[in-house]
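The following pair of complexes shares a single chain, chain A, combined with chain B in the former and chain C in the latter.
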Partner chain A sequence: MSVIEAIKLKPRDFASDVKPVWCPGCGDYHVLMSVTRALAALGTPPERVAVVSGIGCSSRIPAYTNCYGFHGVHGRSLALGTGLKVARPDLTVLVMSGDGDGFSIGGNHFLHACRRNVDLTYVVMDNRVYGMTKGQPSPTTEPDWDSALAPGGTGLRPFHPLVIALASGANFVARAFSGHPDETARIIVEAVRHPGFSFVEVLSPCVTFRPDQSEWKDLVHAAPVEATDDPARAARRIMTDDGFNIGVLYRGNRPPGTPQAGAAEVDVAELDREFAI
Partner chain B sequence: MTAPVSGSPPGRSSAAIASVGELLAHALRMEEEAEERYRLLADQMETHNNPELAGLFRKLAGHEAHHAEEIRAQIGRMELPGLESWDHSWGGPESPEAVDFGAIRYTTTPRQALQLALDAERRAFEFFDRIAAAAGDPELKRWAAEFAAEEDEHVRLVLGELDKHPEPPRHPDDDPDPPVPQD
Partner chain C sequence: MTSTGARDSACVAIVGSGGAGALTAGSILLEAAGKAGWYGLMTRSVGPQIRGGEAAAFVRLSTHPVECIADRCDAVIAIDWRKADRFADEFALDSGSLLVGDPRGGDVPEALLRSGAATAEVPMKELAKGIEGGRPNMIALGVAAGLVGLSTELVMAVLEKRIGSKGAGAVAASRAAVEIGLDHAQRIGRPIALAAAEGAGHGRWQITGNEAAGLGAVRGGVRFAAAYPITPATELLEWLTPALAKVGGVLVQAEDELASVNMIIGSSFGGTPSLTATSGPGLALMIEALGLATASEIPIVVVDVMRAGPSTGIPTKSEQSDLNIAVHGCHGDAPHIVVAPLSVSDCVFTTQWAVHLAEAMQAPAIVLSDQFLGQTLAVIDPPAPVAFLAQRRVPDAAALAGYQRYKLAADGVSPMALPGMAAGQYTADGLTHNEKGTPSSRTSDHRDQLDKRRDKLTGFAYGDHWAQIEGDGDLVLLTWGSLTGAAREAAQRLSEAGVATRLVAPRLIAPLQVDRLQEAIAGRRVLVIEQNHSGQLYRYLRSMCDLPGEVRTLYRPGPQPIRPGEICAAAQAWRSQ
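And then the complex of A and B:
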C-alpha cells in the first residue's frame, strides 16, 4: 500500500460522534452519508471544510460532521456561507438547508446568492414540508396536499427552486434523490468542483409528515439527456420534466464572483469595539 | 435518440464486472456498506430508545464487519481497482446488501428488521449468482459462486433468527404515538 493510499480519507473521517436525532426513515440520514462520502472522495481534510446551515431538521447536519460548522439562524445560511467563503476562499464551503429554511425564510438570500455566484455549494434537502415545526406546508408543497393545517391544500403554485436558480444566475444546477446516496455523493462532488455557485436539490422524504413520499423511490429516474450549458434550454427542460429527473441538469460557465477589488481592510479590534455594549 | 445521461447513471449493470479483482472490490464494498448501515441503524434505535432493535442491528453490524474482514484476508496483497462508491456495478442504485434506511421506523420490530435483512442477503446472493452464471472466465466464476454460497449461508442464518422472533401481536406499522400536525 502506498503512502497516499494509507492516508486516503474515509467517509468516517468526516462524521462526528454526535448521533443524529432525525426520525428513523428520514431521507436526511442518507444525505449525511452522501456528504461524508463526497468529502472523502474530494480528499479535502475536514479542517479545510466548513458546513453551514440555518434552521430545520436538515440544518442539524453540521453537528453530525467532523468539519468546521455553523448552525445559523433561520434562512440565513447562505448569507453566512457567502461571507465565510469571501473571507476564507481557501475553504470548501457547503451550505445545507431545507425547503422552508432555504426557499421561504431564506428565499431572498437564495436569489442573491445565485446572482453573486460565489464559489460554494448549496445543498437543499427538499421534503416539501416543515417537519421540525410539525407538518406545515412549505414553498415546495404541492397545491393539493391535504393536511390538518391546510384542508384541501394551499392551492398555491409551488416554488420551483431549480428554475429560479437558473434565472438568478446559479452556475451549476442538479437534482438528486436521498435514497441513492452514492449517486448523490457523485453529484455533490461535481457541484463542489464546479466553479461558482452550485445548487443541488436533494429530494429527501419526510416519513413522519409526508409518508406518501415513500413512493419517490419508485418515481425517480436518471435525467434522459446530458446537462447543458444553455440556461434557457435547461430551464425549458426543468419546467417540463416530471420533477423526478435525477442528475446534473446545467453546467454554466460564468466566472465565479469574487470580493470587490480594493475593499478596505477592517481592523477586527475596531469592529469589536463597535459592537461593545 | 437521446444523448447519454449525464455522468454515471445509478444502476450500472453487474455484467461490467469482468475480473476477480473487480469482483473482490465489489464483495468488500458490499460488506462494508452493510456494516455501516446496520451500525447507523443501531445508533438510530439507541437515540429513539429502542434498545432491543439497537442490539439486533449492532449484532448484524458485527456479522457484516466479520465478513468484510474475511474478504480482506482473502484479498491479501492483491491489487484491487480503486473505485469510488458510485463507480460500483450493482445493477441498481445501491449495493444489493444495503438495508433501506427509508423502510425503518421507530416502531419497527425485530422480526420486521430481520425480514429486511433477509431481503438484503437474498439480493446479495442473486448478485453473485448472476455473475457466476454469466462469467466466461473460470476463475471469476469460481469466486462468484463461492461468494454466492456464502450469501446463501447468510440467508439461512437470518431465517434461523426469524424463527426465534414470532410475529408480534401488534402490527409493526401501528403507531401508538402518531405524529400530530401543529398550528
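And then the complex of A and C:
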C-alpha cells in the first residue's frame, strides 16, 4: 500500500470553511455532519465526489463540503446529477435536496430518476416546510398545519416519498433522522455502495418554522424488521407504519440503469459516409 | 417563365394522401438527380395527422447549389388529389405549370385549376395494378423522372440501394412501374427544360439540416446529449443516438426539457462537451437553466429548431420568431452566445463553431436553426472539415495552488477545474459568488462577476465567421438564418436586372458585432429581411446600433417561406419609387 493510500480520510477533510446560513439548531447541520462522516468512511477522496443540489435551505449544503459541488436551480438537482453521473461514472455523486425542492417543483425528476436507476444517491432533508421563504406548506406538510399562505391548513393529503420511490423503481430506500448522525452516516454509506438509485429520506427538523418537530427525537425508532427486497412488501410496511421507522427499508436488486458511453469504435470522419450519394 | 429554353432550376411536387408514398418518391427523385450531377433540395409538407395524412414532396433541382425553395412549381404529380387543395398556396402554380393526376384519384381541385396550369392524366392506380407488386407512387416517380429527363437506370440505382433487401421481385416491380411512368411522361409531351447537370454527383452529400447540426456537434467534440422529443428537432436527437455511441459518447432521454438542459449542465460540469436540441416551447422551458449556465460559467449548446409560434403554433412549419427569446429571454443580465446557421450545409459549420465558442468562453450557446433548415433534405458539396474543437481552459498546477474558479482574468475566462482534479474543488453556483465561488451578495462581487461574463464574450476574437458578406452593391439585403439562401438568389437576380446588391447575413447574432456590421452597411441602403410577425431582427439591430442611411424592412410570419421573388419585388418596388 502506498503512503497516499494509507492516509485515512477524516470527516473534516470533506468539510469546507464556509459558514452555513442555517438557523442555530437546524437539523441540516447534523445531516452535513453525517455526510462528511459517510464520505470519510467510504474513503473516496473529496475531489472524486460531487455534491449536487437545487434551491432551499438544505440545498445550500454543497458549498459546506470540500467536494466538487453544484448548487443549481430549484428542483432540477436530480437531472443535473444524472447528467454528471452518466458522463462521469467514475465519480461518487450525491444529490441533496429538501421536501419542497425535491417533491414539489422537482417531483417529476424524482419519479424518473427512480425509474432510470442511475447509480447515484439522493438524500432529501424533509422538514415538511419551505424554510427559506419563511414557512409555507410543502408536499409533505400535514393537512391541518396553519400558515399565512394556507390559513387553517392545506387540507391536502401529504405526499409519501418513500412509497413513490418504491413504485417508481428506486433500488434502495431508507429513512433516517438527523438527530442520529452516526446512524444516518451508516445509512448514507450503504446507500452510496448499493448499486443503482438510492433514496434516503432524512427527517431533519426545522426549529424556526416547525418547533413542533422537536418531538421527533422522541418519536423516531428503529424499523422493527429487516429490510426486504420485495418492493410491494416494503411499500405496505411504509404505508402502514407511523412515519418514524428509521433504517434501511428496501434493498432492491435491479441492475443499475447507467447508460454507458460506448468505446470510441470509429473516427468521427467515418460518420460522413452515410451522407455520400 | 415558361418551358421554353433550358433553365438552370426546376421544381416538381409529388402529392398524395395517406400512405401513398409521395415523400418516398420525392426523396428517390432527389437522390437520383443528385447522382446525375444536379444539386437540389426536398422540402415536405404534411397534414396534421401523425400517420396517413396527405403529404407533398417539393423537389427542386438545379445545376448549381440551391438553398431555398423555388418561386413556382413546374409540375405537380398527384397520386391522388384528395385534400391536395390544402397545398394550393405552396404549389405556387402559374400558366406554365403542369398538373398530372390520376383520373381515379378525384378531380383536380378548383384552387389549382385557377392558376391556368395545363393538365394531363396518368392512370397510376390502374397501371400499378397491371404490375405484380406495383405501386402508384413508383409510377409517379417515373413520371417526375421523365419530366426532368432522368433515366430509368439512375432511378433504379437509388431504388436498388433502398429496396434491394426486399428481393428481386420488389426491384423488378419498381423498375416496371418507373418505366411506365417515364413512358407516360414522354406521351404528355411537356418536358421541363432543365439544363444538363455539370459534373457528376459522385462525392456530393444528401443531408438534412438536423443531421448536419448533429454532425457539426460531434465534429466539434460533443460526447453527451440529453433529449426530449419535439417537432421539428427530434431527428437531430435521433441522429445523435447511434452517432454518439460510435464515437464513445452517449445520449440520455430526459423526462422533459427542464431535465434535458440540466442534464447537459451536469455532464459539462464533469468536463464533457454537451448539447441538447429543442424547439421554441422547449427553449422557453430551458431559459432558467440557461441563466444558471451563464452564472456558473458552464459551457453548453442548445440547438433551437424554430417553428411557428407562440405556444404550440404550427409545429411543422418554419419561422424565425425565436430571436427575441434567444437573445433576451433570460432574467437578470445574462450574456450568452447566439448563432444562426445560414444554410443546410452551414448547419455543420455553425453548430461546430457554437461548440467551440461555448467551450472556449465557458458560456451557453444557442444555435437558431429552423424547421426549413432542419427538415430540408439537400444535395450539397461535402462541408469542409474545420479546425474548431472543444478546447476548455483547465487549471495547471500553478492555478490549482489557492485555486479560485471564478478568478478575474484579462479575457474574462478563468480556468475551470474538473471533478477528479485534486485541489480544484469548488461549488458551481447560480448564486452571485466571489472569485472563489463562495456565495456573496457584495456589490463588488456582483459587479465584477457580471463584468467578467460580459467581457469574455465581447472581447473574443470571432474572426470573419461572424457574418457572410457577398457583393459590393448599393443595396444591402440584410437577413439571417434560413432566409440567407432566398436572399442570395434574389441578390443574383437583382444584379442581373441592374440592381447592384450586397448580401449581409450575420451568423453571430449575440454578441452582435456592431462595429463590423455598421462598416458592412455604411453608405448603402438596407433592406432587412426576416420571417416573423414583428421584425425581431430589425428591432434588435435598431436597439444595438445606429443603422445609417435609408433602412426598410421585409418581414412577415410563416408558414409560407419568403421566396426569392418576394425579396426581388420588395427591392424593385423600393427602386421604382
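Assume the second predicted complex is superposed on the first by the 253 of 277 C-alpha atoms of A that agree within 3 Å, B and C clash if a C-alpha of one lies under 4 Å from a C-alpha of the other, contacts with A are read in each partner's own complex, and residues count from 1 in each chain.
Everything that follows uses one rule, which is that contacts are C-beta pairs under 8 Å (C-beta built on N, C-alpha and C of every residue); 3 or more make two chains touch, one makes a residue touch a chain.
Computed from a prediction, not measured in an experiment: that's the story for all the values here.
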Open item on the list: Let me test your reading of the model: by the given contact rule, A:V266 touches which partner, first (chain B), second (chain C), both or neither?
Closed with: second
Open item on the list: Tell me the contact category for A:W145 with respect to chain B and chain C: first, second, both or neither.
Closed with: neither
TODO: Have a look at where A:G72 lands relative to chain B and chain C in the superposition and call it first, second, both or neither.
DONE: second
Open item on the list: Looking at A:G179 after the superposition, I want to know if it touches chain B, chain C, both of them or none. Which is it: first, second, both, neither?
Closed with: first
Task: chain B versus chain C as contact partner of A:A227, first or second or both or neither - done: first
TODO: Could you look at A:F244 and tell me whether it touches chain B, chain C, both or neither (first, second, both, neither)?
DONE: neither
Open item on the list: Looking at the complex, which residues from chain A come into contact with chain B?
Closed with: 19-21, 23-27, 29-30, 33, 37, 41, 133-136, 147-149, 179-183, 185-187, 190, 205, 207-209, 214, 217, 222-227, 246-249
Task: Contacting residues of chain C [partner chain A, same complex] - done: 31, 34-35, 201-207, 211, 215, 218-219, 223-224, 226, 243-252, 254-256, 258-260, 262-272, 274, 288-289, 291-292, 296, 379, 382, 385, 417, 419-431, 437-439
Open item on the list: With touch defined as at the start, can you tell me which chain B residues reach chain A in the complex?
Closed with: 2-11, 36, 40-41, 43-48, 84-86, 88, 93-94, 100-106, 108, 179-183
- [ ] Spell out the part of chain A that touches chain C in their complex, as residue ranges.
- [x] 18, 45-48, 50-52, 60, 62-63, 66-73, 75-76, 78-88, 90-91, 108-109, 111-112, 259-272, 275-277
